[in-house]
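The same subunit A turns up in both complexes below, where it pairs with subunit B and then with subunit C.
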Partner chain A sequence: MSGVEDLTILCFLGITKESIVDVEAMVRKVEQKIESCSQQDVELHIERIFVISQAEPRLPLQLEDAVRPDGEGEEEGRATVNQDTRLDNRVIDLRTTTSQAIFRLQSGVCQLFRDTLTKKGFVEIQTPKIISAASEGGANVFTVSYFKSSAYLAQSPQLYKQMCICADFDKVFCVGPVFRAEDSNTHRHLTEFVGLDIEMAFNYHYHEVIDSITDTMVQIFKGLRDNFQTEIQTVNKQFPSEPFKFLEPTLRLEYTEAVAMLHEAGVEMGDEDDLSTPNEKLLGRLVKEKYDTDFYVLDKYPLAVRPFYTMPDPSNPKYSNSYDMFMRGEEILSGAQRVHDAQLLSERAQHHQIDLEKIKSYIDSFRFGAPPHGGGGIGLERVCMLYLGLHNVRQTSMFPRDPKRLTP
Partner chain B sequence: MALRELASLEKYLGLKKPNKFSTQGDKKVPVMQNNNAPPLVGLVTIACHLVKEAKRPELLGDSAEGRAVVQQWLEYRVTKLDSHAKEDIKSILKDLNLYLQDKVYLAGNQLTLSDVLMYYGMHSIILDLTVQEKEQCVNVTRWFDHIQHQPGVRHHLPPVVVLRNRLYTSRHH
Partner chain C sequence: MEGRFSFAKLKYVFPPFQNGDVDPAVKALEARQDEILRKLYELKAAVEGLAKTVTTPDADLDVTVSSSLSSQSSSCAIFKGTTNLDALLGEDLGALRDIVINANPAQPPLTLLVLHGLLCQRYRVLSTVHVHSSVSSVPPQLLSCLGPKHADSYARHMFQLGFTLIWKDVPKLEMKFSVCNMCPIEGEANVARFLFKLLAPYPSDPALATLVDSWVDTGFYQLADGSTKERAAVLRALNSALGRGPWLSGPEFSLADIACYCCLLQNGSASSIAANVQGWMKSCENLGHFGPAKLLLK
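And then the complex of A and B:
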């Protein structure tokens, strides 16, 4: 690693910035610490240098500009790089210390997810992404031509996770792409993202599922906090944020409590209304202020706003055994106990005006003995974004896909 | 709008016999029928008259300076506030927030007519602010919450919820 002074010597030799070089050098101790370098106690006295790959002289963006915090750029009149330029030249942008830290941390999230669940006895499964019917509800699917007919790209592994439970796998998880053809140009939506999905059979109550999921999340948070501090600090240098706070055991509120908190804060909403994004964010702030946590679960959502395969609450038909989880006031997981009875499932589907023919094989999987089960799915990019306190999911997606971007 | 305010003001002042109000012109300037004299025109004129009728002169200020400040805010209400454009809201809140930094009331150390009429005038603006915006103009919110809780002031207007604790730390974007 060389400081700026040494680069100028190399440029003098005709070696352009970002070129790959092999160096034979003597490592010497230095009296005074070299502040501008990562290795501060030694320097390399180059004896021979070979250029392995010469970079073109004009780089599309300068790495120093790309790591500069936005505020600093404006104050000192130096350049920063805007998001579109970064994404158009992603290969160079990914070389910055911040990007390296973000994606190493993201790799850690996947690793912790797999390790924690494997320790809990879960089996990793792979589900098909080319499917014959839209799983979450018609509108937002990508259609692909499939020989002489059409097929769809899976919006979630939902149906297949459940079929695995019916196939006696008891506890499963899968890590794979999810495709949502939503024309949403927001800071938190991508058309393709990595889904980390969990599904498990339970013995007495669906809260066993919630406990499993929240414990997994807490283990991930702890793992990141304990093993990725360097990465977190590096990201914070360019994008300052508060450290992520969570409680053990995880805070769990009921939907009705949340509505009461919002009413108290002057928000007008009906008891069975879904939470709008601004209300979710406000609720996150209220919860943070009251309980001092950035991560919590909201249990017992109204049945009317959940998908057809959600199990209704046996004690109150207006509500359901479903839950959402939030990080820093933004939703990261939507989950529920699923309907495992074929008869009830058909009724719920008809109530939602879904064509039973289209989901026949799904309903059939519950006809030959199915244990009560539930689960949920999180988005890898969103979790990383919110854990680090970043503000755009494209920062945590290596080659993001949105309605306006298909390359690189 | 102005008529309902004047009706509420009458109730606040404890005036037993309600006066007759009407409006004139497309700006709906309020007019009050005055038995022996020519009718009174204008929100501020009528409001000041009502205060005198209720024999509550302290509501117009307790000193020469206080009275001048009260009149200043009454004028502000009618000229700047009533015909404000959406873009002006930010500057109105900023000015008020700065002014109220070290004051409990707009004029002097007790409630005056200026607080009441400014409260009526600011209500629609404050009602539409998000929690975060209310926290950003914390002095205005504090003053507003204080006035809306004064007994007898808030008649025709719904209460605006003001939270006790700050939700947004200064580092929040």
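And then the complex of A and C:
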């Protein structure tokens, strides 16, 4: 339906907003474009109208309010809708043009991820989510009751991806839910999100893994830039942001370069310190200023700040063959070459004071021939949020889960 | 893993063994062969050098001669004088010093490509080419204009300098180095001056230095960008200057020659080039540094 005048007529007839109707109408061309509609070149001259599903008269939120950019119309007393109201009434909120655009774009990201990796010879796998032991150690796992005992919800498909490599699958990826019981109430954390994970064996150097991952990301960015401009512009109307920029091939900096850049900018940190979130953001701005890219890889992290299964750098014991990737200054991927030798793995675990009994089946996977391999994983919601320049990951999660939200 | 391989091929992976050690006679033979080959190459280079003496001034500086004698001549004497990277680029913070150049693929910076080649002879340079998302695609020769990927490029910290060329939709070429301490440098002429100073200082004589600068500006603003009338005037000026000496700023090859040669190359050589200019162009080519620029124009 178009225009305020027509809605008034329908309301007069007793048909409420958001009702589903069938119409028999004459479709007529118009000379002047109808700006307020998505189909701008034709008009419907209704002869008969049937109400298929009548909406309740009082909607919990108005679509025009839900699509209004922050700050616009404030003087005239027109409201915007706050996030909790949206999330409580998600079905209606998802009808807005902005939401439709966001999730169509998200569907595009998944599609491009699958297509690019399949073309590169990767095999898609499905991994179990109910597991017997916390894979990464640490307390951030959800416990579920499992018949007479308990089990956990998987924090990541890490263990199973690696087992597939040891099972001669060479290159695998999986798309599935990831559960993190972290009591973080931030703009970028969810307790359940969609993980896009990659793992592959390499022939000469773990940079083959980095190159595969970054090329996949670049193909996703290009696919979005070239085929989803309408969606990007629609989201920008309500949430303006700078277009996403990137380089091909992807920029790869070493950790020492990042520390040098931060030192130059006046930050005090040690060579082997991890990057704090504010430092990551500052680094992102410095990299953007110098290279004009919103996406880059930081390679050769200090060994001390990485998980026990990270392969140390053979030429320098202070560092590791591990990397993080950033979009708009925020981390989207933490990856590495993995230790594929059972003996070395046990030593590294002991060094991190991890009980070897708890990870026995993990270590056992590498005892019968394991190729050198590496990988990493990204969060679908976070990648979409950062690509579009949005500020809260709940905007890119259809039915978000966080420490305070379990519905809808 | 599927595959067949013959043991005949394997045999050549391992050196011939006798009593658990390499046969000394074979070793001696290989050493003699290497020595003979080396002498042959030296002889070939010397003869080529002699041949060029006839046509080129400064043939002793001919890089094609010196480079065949030593694989990486750090004493590449094409430019005299020493440079101090720390003084020019700031304190060494223990990480790769990466120079970023944003160039428009519609106007490839030939002078900078030539300077890049010279920098690679003086320093260990990590060269990378990127395409920015503001450009949908570039022709393949622009992707390979800095030469093949260095074998050690997986270890950035092993290099003294980074040269990162980004093909981007920019109105004017720009260079960025230290975003905290340096503002960007704009324009190919100015970036060329900066890069040149990493190779050699400008002449100490201020008059000579000004002459070099003047020719650099003439090259970029009148030869490359000027009207047909301006270009013709510059060509006449080049001809008379080259009548007084082998190179534009006198006895020595300088940035002036690099810039003017590239700018001349860029807009296609005019049908009639005066004798002195032709001779000078041949001398430039003999020095062997302009390969990267000419490759791009093919």
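In this section, the second predicted complex is superposed on the first by the 404 of 408 C-alpha atoms of A that agree within 3 Å, B and C clash if a C-alpha of one lies under 4 Å from a C-alpha of the other, contacts with A are read in each partner's own complex, and residues count from 1 in each chain.
Definition applied: a residue touches a chain if its C-beta (ideal position, glycine included) is under 8 Å from a C-beta of that chain, and two chains touch if they have at least 3 such contacts.
None of these values were measured; they are calculated from a predicted model.
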When the two structures are overlaid on chain A, which partner does A:Val259 contact: first (subunit B), second (subunit C), both, or neither?
second
Chosen between subunit B and subunit C, the partner touching more subunit A residues is C
Look at A:His207 in the shared chain and tell me whether it touches subunit B only, subunit C only, both, or neither; answer first, second, both or neither.
second
Does the superposition put A:Pro278 against subunit B (first), subunit C (second), both, or neither?
first
After lining up the shared chain so the two structures overlap, which partner does A:Gly14 touch, if you call subunit B first and subunit C second: first, second, both or neither?
neither
I'd like to know which partner A:Tyr291 touches here: subunit B for first, subunit C for second, both or neither.
second
For A:Leu251, decide between first (touching subunit B), second (touching subunit C), both and neither.
second
Now for A:His391: first (subunit B), second (subunit C), both, or neither, which partner does it touch?
first
Quick check for you: in the superposed arrangement, does A:Phe221 touch first (subunit B), second (subunit C), both or neither?
second
If we overlay the two complexes on their shared chain A, which of subunit B and subunit C does A:Pro60 touch? Say first, second, both or neither.
neither
Residue overlap on subunit A between the subunit B interface and the subunit C interface 264-265, 286, 289
Which subunit A residues qualify as touching subunit C in the complex?
205, 207, 221-222, 225, 244-249, 251-254, 256-257, 259-261, 263-265, 286, 289-293, 315
For a test of understanding, state which residues of subunit A touch subunit B in their complex under the given definition.
240, 242, 264-266, 278, 282, 285-286, 288-289, 391
Quick check: in the complex, which residue numbers of subunit B touch subunit A?
130-131, 160-161, 163, 165-169, 171, 173
Per the contact definition, I'd like the list of subunit C residues that touch subunit A in the complex.
93-96, 98, 100, 102, 128, 130-134, 154-157, 164, 166, 168, 176, 178-181
